[in-house]
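Working notes, structure below.
A, B, C, D, E and F are the chain letters, set down in written order, and residue numbers restart from 1 in every chain.
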Amino acid sequence: MPVARWLDLTGPEVAALPAGTVAVLPLGAVEQHGPHLPVSTDWVIATAAAEAAVATVGERHPEVAAVLLPGLAHTKSDEHAWSPGTLWLSFETLMATLVDLGRSLQTSGISRLLVVNGHGGNSALAQVACRELRRRFGLRTFLAHPSAPTDQGGGTSAPGEHGMGVHGGHTETSVVLHLRPDLVRMDLARANVPHGLRDFDLIGFGKPVSFGWLSDDFGPDGHVGDPTGATAEHGKVLFEAAVEHLAAVVVEAARFDVGGAPR
Amino acid sequence: MPVARWLDLTGPEVAALPAGTVAVLPLGAVEQHGPHLPVSTDWVIATAAAEAAVATVGERHPEVAAVLLPGLAHTKSDEHAWSPGTLWLSFETLMATLVDLGRSLQTSGISRLLVVNGHGGNSALAQVACRELRRRFGLRTFLAHPSAPTDQGGGTSAPGEHGMGVHGGHTETSVVLHLRPDLVRMDLARANVPHGLRDFDLIGFGKPVSFGWLSDDFGPDGHVGDPTGATAEHGKVLFEAAVEHLAAVVVEAARFDVGGAPR
Amino acid sequence: MPVARWLDLTGPEVAALPAGTVAVLPLGAVEQHGPHLPVSTDWVIATAAAEAAVATVGERHPEVAAVLLPGLAHTKSDEHAWSPGTLWLSFETLMATLVDLGRSLQTSGISRLLVVNGHGGNSALAQVACRELRRRFGLRTFLAHPSAPTDQGGGTSAPGEHGMGVHGGHTETSVVLHLRPDLVRMDLARANVPHGLRDFDLIGFGKPVSFGWLSDDFGPDGHVGDPTGATAEHGKVLFEAAVEHLAAVVVEAARFDVGGAPR
Amino acid sequence: MPVARWLDLTGPEVAALPAGTVAVLPLGAVEQHGPHLPVSTDWVIATAAAEAAVATVGERHPEVAAVLLPGLAHTKSDEHAWSPGTLWLSFETLMATLVDLGRSLQTSGISRLLVVNGHGGNSALAQVACRELRRRFGLRTFLAHPSAPTDQGGGTSAPGEHGMGVHGGHTETSVVLHLRPDLVRMDLARANVPHGLRDFDLIGFGKPVSFGWLSDDFGPDGHVGDPTGATAEHGKVLFEAAVEHLAAVVVEAARFDVGGAPR
Amino acid sequence: MPVARWLDLTGPEVAALPAGTVAVLPLGAVEQHGPHLPVSTDWVIATAAAEAAVATVGERHPEVAAVLLPGLAHTKSDEHAWSPGTLWLSFETLMATLVDLGRSLQTSGISRLLVVNGHGGNSALAQVACRELRRRFGLRTFLAHPSAPTDQGGGTSAPGEHGMGVHGGHTETSVVLHLRPDLVRMDLARANVPHGLRDFDLIGFGKPVSFGWLSDDFGPDGHVGDPTGATAEHGKVLFEAAVEHLAAVVVEAARFDVGGAPR
Amino acid sequence: MPVARWLDLTGPEVAALPAGTVAVLPLGAVEQHGPHLPVSTDWVIATAAAEAAVATVGERHPEVAAVLLPGLAHTKSDEHAWSPGTLWLSFETLMATLVDLGRSLQTSGISRLLVVNGHGGNSALAQVACRELRRRFGLRTFLAHPSAPTDQGGGTSAPGEHGMGVHGGHTETSVVLHLRPDLVRMDLARANVPHGLRDFDLIGFGKPVSFGWLSDDFGPDGHVGDPTGATAEHGKVLFEAAVEHLAAVVVEAARFDVGGAPR
């Protein structure tokens, strides 16, 4: 069963989408990912996962209506602003973009929006946007990740990463090896793990206290983690799990109701 | 020879692009195009034409360096804001996006930017942006169209359109029939030509005086023009001419120099 | 018959203007125009032409209601931002000003606005504003020029200018010699024509591809063109043609109707 | 001796203005002034007074350099936003305009700016701007009024106005009768004095506590004061005193120095 | 009788406040005040005076409803932006804050807002805000000061200050000696009076023409005035007078009515 | 040993703070917290915890320099915008405030900022701000909570809350009973738990997928949780643990170093 894509519909066809259709918005990033990964890493993952999830729902849950929105490739990569290759929006610009999209969706008759975010640096802003769109446009909004961002306490990490494979490390490299092996330069992969962070119990990636970091705080390489052991096989496992997860999220989002007063 | 795509490069590879590389940015739109064309019409055309032009340059002009940027699908479609399907950015948001991209390109070592704009509603704003990026970031900026927008005195038009096939008419429908025939509903195509405009000599599409219009000023259909006679064959001719044109533009942009003081 | 000037009316008199009155807004500029022309060049031309056009309409077309708004002298002269004498607004500021004026006109019961723009650097932004005011305030908006900007494919140009007399060249100098000969320093007039641009077929003033330029890209003089042969006689011809043109535009604007759904 | 006008100079002539030249910026307003005065009242007064003051300085103080800037007609008239005829800028837009002018003056080599404000509703914002321009552009900035605004404890008032002739009352009407008698409709002049305000000792026009008022808080007439006894003779006295005052301000501004560290 | 504090109420209790309740907002500042006074000087004074005034009203005027809002400590201290210790908001940020508060008060059912401003640098912006909140949210707004700012022609000044004790001088130092003697370093107090200003008749603190100043225009000390003779006794007199004044303002504000059309 | 408070220092004393001093900024909120808790709940908790933490560090770690900044009471409470009592800033305003503070801290010589956030609705925005301040002002920034927000997977919750005591529930009510028992109306406390959320595995408070909620999505009460079993004793335990935690965070923040390139 084909994926329902917003881009493929006419205006009247959008208007005719069923009530409660879940619109799925991939958020990627175009940003340096170290010497071994393409700048499109987060974009590749987010779009592939979102598309596969919508397809999965279409196959298994014909009663659930979902539509894939054209995603945003250029997002908030300010932590990589120093690097060639990064195309970043300020927080003001990305928020304005998301607000404009929310307004457009309201006019289009959409009431449920699921953001599938492939870039950890967008997570906080996307949360702010989810509330803003709920308040201003009445949208039910949801924020999901292909996997929980490692720097927010989720995801997987290779042993040598000590939970710090947050950007271009074992996990992301594996997934790109699975999805786009032609774009990975494993010959240039090297570990760049900020072991100094292990001296701190409270502050750090996935710890109770977050900190404002730029990727060049950890040296000139740009990535944070150890990609040297990444494999396409591991990437396949991770990716398929992400798709299963996101498909389940779409199904929940389609019937989500807090049971409160109508609004 | 493969197209050089920004998305496929690593950060260090972007940093190593030759001096004077022309970065090519497709600007599309996601907006209603009447009952017969997909909302992605401008996006499909802009990205296909930009990509083919970069490929053509790569094949014929190995001495010219060009790279295809990830394009912007969501742009300024305020004249279609009233319609389901349209995903539009305000002028502030799109200008902010283009300014942010300009800043990123400067950091990436890029000094030449060619905007390939597939949506007439972006043209004026893109001109403003081209100057802004020149002033703020020192970029040499260029604005080209797959074909000159009909409502700005260019393009072709079917006879019955009387020069008013500006949105979803003979030309655009033909090109989409060539590029993505699966997305065209010719069975729903009908003429929507604002013949009343012919009463005016000075004000109108392609006339000396422009006017601020919304697409629903011309009735509820949303398109403006007569798509009924569109054919894929005509679209192929138009598209190939556009690619030739844009490839020639890239070549000129790579050596463009006003001969003035260095800056 | 006297020109109806907004500035001369009381609030209740504005409220009593006939339905469909065309409000005419001159857009000038205060910006360097080379060593021989005053910084007010565009302002002088736009205000004189708009005023004469409104007067002409008043004399010949008593059935057409038009009112001259106080114009904007300070506008978007960012391409001359480098030079003493230029008083420029950013695009954000000028757009905000035009939006504020649109709101005010709506409150004043005005539904038709004609912008008479004397500065080519405002044209693109004014187009954006025309649509914005149509969408937000329901105004019918029109954008006219005393003559089509040379760098947009219109206007006249002296032979030695090869179509590049875009700023302080033959045309503008002639018109100012006609309107304000006391302000022209013909003894300092010299040619400053960027002949290098003739090497390009596609990119350039009035060519299919526009480029983002600053006036000091063409050297330190500031003007672009050859004013040495300018005469008041030629200026008189140009100016009177502009007034005739604009008067005709006012008449068309007063009855302009796209024949669409009422709005 | 002629008034030095910015508009009459070329770019290089602006660059050659003497160090310490005082640039004089008239701030007017285009806003309803009751049934008897034109919407240009504040603009007429501010520009006439500023021009006469610069001329006076030119005649009497050849050692003082001053130049008249093109003024701003459209300013912050939000208290009259409800009325036809008012063309108002939001505070954001007017501040942005003043900041842009400050930047332009800095580039032009100007270091002293005197704002001559004819509209009480601009006073507070102009004070904010004076500091902003000092901080951002190093300008020495000064804010003067043709007469101190009545609602700020200054000016004169007819007896029946009890100090409340703040807008279109005895004073302003007299001055416009002097400057532009053709624009005054004394047959429509009537008193509109908010006598209820006399019940308050602390809150009111010119009292220790200011309040946020809109002109329609005082009824539908729009003016506040009693213009019925206004005369051109009184207006002449007031206007000439204002010009004397402003000329003296220009002279002081040219040599003003707080004696602090150079900046 | 206890002071009614917004912070101590529940949401429903706020909703139940009597119609016409005067909400009192202290505006302070956190900014350098010379070597002898704490950065909290204006905040200490504004909050103490506002609180005492509300308490006084509660004791003497049980028929008047007033509630103390949580104040703003961080405000527009741009004239002290150069100094360590200053925590300043731009005018945009403070205006946005006040607009957001106005909106919140409207939702809370509040219709009367009294701003008690302890920092002269906020006065102009607070006036702008008072009008903005009246227009946008229908609030009756009032702006009072513990004492009229010296640089605006009010307040008291020690003889040696010649009316120039505008920041950290005799008056403010005395009041802080009364309220928080533990925070005053009288051993470091020294005079810093810009005597050069006495050469000007028209421009200066409390003179007809205001000027844009930064506190380091007057040398590196940061304060402006002569605190050496300050005493807690004098401060007590000043403070108690301020409280009496503000209490009387609250009472007037509660019944203030311009007698105009209902709005 | 007394708490070092920014408000108590003079400008020169701030300038003399030791290098590496940790500036601690409490972020509260003024927002409805149901019928039983004051609108100041988050503000009371954040300021009390931050102050006690700084005091604790001062007592136990004389080698660590920390200073308590004046906190922000009015923050981003948009999810409670519907309710009387809530004083909320838009995300733009709060971000602008935090950016302005970051700039001020940089000028003050501060390089380490710890945000102690008592309001879950601020968490995402504060993360965005922490990065922004790191990039723009070079500050090392940290974001801590008195306890991890329940809706972000942290905190404690009464059994009947099923992890949904996110606003005015068991935890917050207990802590306010400990800190300000005079402000709690236990007689009005009632459970308001959105049991419907238990039907969802993936979407919800503390679940992998967050959603954009407003507090009135859960009915008109405003709080979310079950405060009926709250006790001051439990609140004391929670509060003291929070203080211990925050004190340890301050100590870590003072020596935090990622070991990367100096910046």
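By our rule, a residue touches a chain if its C-beta (ideal position, glycine included) is under 8 Å from a C-beta of that chain, and two chains touch if they have at least 3 such contacts.
What you are looking at is a predicted structure, and each value in this text was computed from that prediction instead of being measured.
Asks: With chain centres defined as C-alpha means, what is the inter-centre distance between chain A and chain C in Å?
Replies: So the centroids are 48 Å from each other.
Asks: Using CA atom averages as chain centres, what separation in Å is found between chain C and chain D?
Replies: Result: the chain centres lie 28 Å from each other.
Asks: When you check chain F against every other chain, which residues touch at least two of them?
Replies: Answer for chain F, listing residues that touch two or more other chains: 81, 92.
Asks: Which category does the touching pattern between chains fall into here: line, ring, star, complete, or other?
Replies: Graph shape, chains as nodes and touching pairs as edges: a ring.
Asks: What is the order of the chains around the ring when you begin with chain D and head toward chain E?
Replies: Listed around the ring from chain D, going to chain E first: D, E, F, A, B, C.
Asks: How about chain C: which of its residues touch chain D in the complex?
Replies: Those residues of chain C that touch chain D are 6-15, 30-40, 43-44, 69-70, 72-74, 81-90, 92-93, 96-97, 100-101, 104-105, 107-109, 183, 185, 188, 222.
Asks: Report the residues of chain F in contact with chain A in the complex, numbered from low to high.
Replies: Touch residues, chain F against chain A: 76, 78-79, 81, 91-92, 95, 121, 123-125, 127-135, 139-145, 148, 153-154, 194-197, 200-203, 208-214, 216-220, 245, 248-249, 252-253, 256-261, 263.
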